[in-house]
């Protein structure tokens, strides 16, 4: 096993990986950008290194700086988390060349799956069904317009290196195509350092269902069943669950089997996810393979009892999978919601500020993955994902009961979050029925506004009490220039 | 005896509060009387008993905004000076249905400007693109209008509320 | 289903039951004594009622007052939790007579199992093996001395109504018997309102293994497998785990089957636990049946995925068990430790005070059951159990890794706790090997002292920073009588 | 420049601390230099950067006890006036190997007194029983001695540190 592992990430996923490293008795090394000086992952890491700079290109995407730190701190391995460099084949290659283990698949697997066009070719060879599209290298406006016409509108413009909804645009009519392509390229360049895009048929009323894969260096590849991640807002996943209530046992077997075949086609090692689009007739199409850990891995962990991140480290260290496919059972139901720094009152625009207090719900079968802490600033430089809330119960119905309870008890202040929106989703009758297609939000929340909240008398009384005390305090101390320095440590209360 | 006013969803609630003992207050809200014992106050946290029952609450003050966390939920109130002043404010807002300037709805970076000063644009036409947290947001024209001034350049950082573009209605 | 349920308890278990009630969409009613005015269970309940008084006899054991509140608040059911009135047949009877559902077994089952003597008689009839002992009504010193001689020393003096180690004493030699009996009686009277005691053979090097039972009103009785709770200090459980690594699959089947038979012998309904002593030859003896929820139910919940408390409510409302025995699987490994307000530096004497801050470890498969919150006073009136920390992982080894991580990150101040002791237990090589007999603590920790903690330089620097700021502050405000009132709300910081 | 002393396990650690800027201090502990930026202070919570790296800590002060929560663990230090004064205290303690009084090791209730004033008792003999949190604790004689005074009755409440019984050594 390794002795020391560097986490090339930030936020909730860095915290989660640091825990896994430390549980295994290893030393966890964190990196941080300048705006992240006070971030939670530093608090928990065993060693920390600063990469001066703000934007991702200078910091968490800075391959050179990260490799320097990895060498200086003498780590055995680097875990990239998700986002940032997690699907960057060049990075994986350079890590390996430096004699350090990259916790993930081979650079070749990342490269072939990371280029969606290449991935589709491989899947076609492996007889995994794919969605019609155009991945040609001629990306002139004219060609793209022609190809879009062939595939048929609506069309999805997607970033080849993409993921997480970045660099993804729907085009309903030809006149929108050029602007969409331009915007997708810009977003892709920012997010992934690569502005290659491709076109794909946009399936209406589809579900997004993905299969978690684990492969070891001895050639064993197993799946940990599926997750359904259909509920997305602007291609950003909001709520994920396992199992999908849409799949029959037979279709589940088929889709999981297709996923294992897809992984075998690239001799896949470590954790990965094969994403499918499933239409209402249960036809499923390969969408893409994410050659990394995913945000929503927690719902798989809760329904299978497998700690995926600890296994990633063990696999990377050369250990074989400790169980065979038939020892993996999918049990109960788990749902995750993502807490974003987005203000639903203000059209989901990003919200920034310092977290003033944070009291996530604590209870039976409630899991919190936190990237924040009271006192931590939320800046505009990185992804707005602050935390994840995951629940487990024996059935979907009781898991929803628990999720409602938990969302209603999520105490956070200092920034605005999408919690009021999440509350509405889990209370929506169509969600409860399981009618969760990828256009769920467009369909049921297109003209949504934050509902008027009924405020208990106690909240008003507490606000007034607080004013009363503050007025009394300032009268009492009127002779002293008590609050002239807003950062004075003794007026922090 | 003090009075405070809070606005939520454009409705005003009045709270009357009086200190009736050592760390004890009586508040009247919506004709309901609440006796509050303050047991402890630590930073944003208030430990109180309301009508005898203990709660661990948080109160966060940001300008006139009050975020009250009580029994797990966080409630957002807005303190206003009085019933009258606020209603007037609301009236002001209601009278205007066209703002002659577009303000930035968030802090972020201007990544693209689609228009030039003097352009005539139609309602919903994209004017510029802001970026924050790796996502792009398109700012569109509120009505058919004429672009007067563009106050930022591409790649400029803007803050929440900065005026980005001034406009006049096309038919004015 | 019910509409409103009263929780006749306090602390972590009241908080846990309130969550279950609220998840089911029902209204949770809490009761509280005077010292509990600021307790956490009030914070979460939907309605709260005060029972003036301090000691349990006047408050949480006050049947009359609790029934009055139940009638006044128009509840449909009462959940007694564990301890207090949970095994009081008279209470269950009076609740039922008032037309309210008692969430638990019938008063008859409580009575017959609650009287350990009667329980032993029933088990003998059902062919469940029992430990040799004396349960006669002649409890004169002479008779007890004679019977003890017959059974053979060492002897255990136990309270008939007991549980949780209260009213339980080991006697090594005849001369200690009388004092032990007297003390056991006093403790039993205080804790359970009944000073009946009995004698039992004290088995050396035994393990405490218990089986969780669930029965419904349709006569279905199933088990949720075993828990091992051998690690006890002065008969107070400290650490519990599921499964027991000591049992072979065959013995596991036998002991679970014996437990189901025991429950069937009294037509058991709702959740209960059949406790066994297992000797080193895998012989198991019936010890007692706890006709209630147990503290350590969380390890069973984590390994079976079943929410026992929600099921208790459903069963009480007349619903049938939603699954059959063969649908219940025991998966992975779970360990719970109990956080007590006991000072290990000061011979484990109770520690009282106000919780100044509390940051329990948050992480993957880590469960916190909390009865406390920052700002809550811990008094001498009730049980010193503050909270439980439960972890889950796929194997015992990895669960221990996680538990170590979590114990090392349990932030609490204001009172002293047994956390340093728990840390030593989970790091002990004999615990890691699984050599967990009930005399584990006596054997390996008899002369234990809190080990010298190595203190990081940062902790000293932070302490000094705090002194510096406080001195500066008091110099700055020397003209104002700023801190004359220690309860002044504006010096709270 | 200020100096503070802390005792842990009878060892004294000296900390030198100096304010070197606005919300910045330099501390020297065990010859190691730590630069501390104070970002925020809320009640017991201190948000600091030590040598550039952020931590969310808690500091709880109870008399001379300091409970420092740093990276999840809580450390107990005891502030002492100086190196000299403390060592002297320790020496005083060491000289005494018989305390002529038994103090209550915890707050609780006296449930049973086994002895009377004037009784001669042997080492480890039970003297009285205290109860707290529903558990009983037996107070025993430290050596062979004579009971001088019993300061409480059965059912009395006692606080931590209250003298329960005074004694003299039997052979004195």
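Each chain carries a letter (A, B, C and D) given by its place in the written order, and its residues are counted from 1.
Everything that follows uses one rule, which is that a residue touches a chain if its C-beta (ideal position, glycine included) is under 8 Å from a C-beta of that chain, and two chains touch if they have at least 3 such contacts.
Just so it is clear, the structure is predicted and the values come from calculations on it, not from any experiment.
Common neighbours of chain C and chain D, by the contact definition above: A, B. Set side by side, A-D and A-B show the greater C-beta contact count at A-B.
Chain geometry summary: the mean Cα position of chain B and that of chain D are 50 Å apart. Chain B and chain C have CA centres that are 48 Å apart. Note: centroid distance chain A to chain B, computed from Cα atoms, is 29 Å.
Looking at chain A, one finds that residues 469, 489-490, 492-493 touch two or more other chains. Among the residues of chain B, those in touch with two or more other chains are 38, 41-45, 55, 71-72. Viewed as a network of touching protein chains, the structure reduces to a complete graph with every chain in contact with every other. Per the touch definition, chain D reaches chain A in the complex via residues 22-23, 38-43, 45, 47, 49, 52-56, 71-72. Those residues of chain A that touch chain C in the shared complex are 16, 19-20, 22-25, 298, 301, 305-307, 309-310, 322-323, 329, 331-332, 360, 362-365, 367-370, 392-395, 398, 401-402, 404-405, 469, 472-473, 476-477, 479-480, 489-490, 492-493. Within the complex formed with chain B, the chain A residues making contact are 56, 166, 179, 183, 186-187, 190-191, 234, 236, 341, 346-347, 349-353, 356-357, 359, 361, 380-384, 408-414, 419, 452-453, 455-471, 492-493. If you check the complex, the residues on chain B that touch chain A are 2, 4, 6, 8-9, 13, 15, 17, 19, 25, 27, 29-30, 32, 34, 36, 38, 41-46, 48, 50, 55, 57-62, 66-77, 79, 105-108, 111-112, 126, 129, 131-137. Touching chain B in their complex are the following residues of chain D: 42-45.
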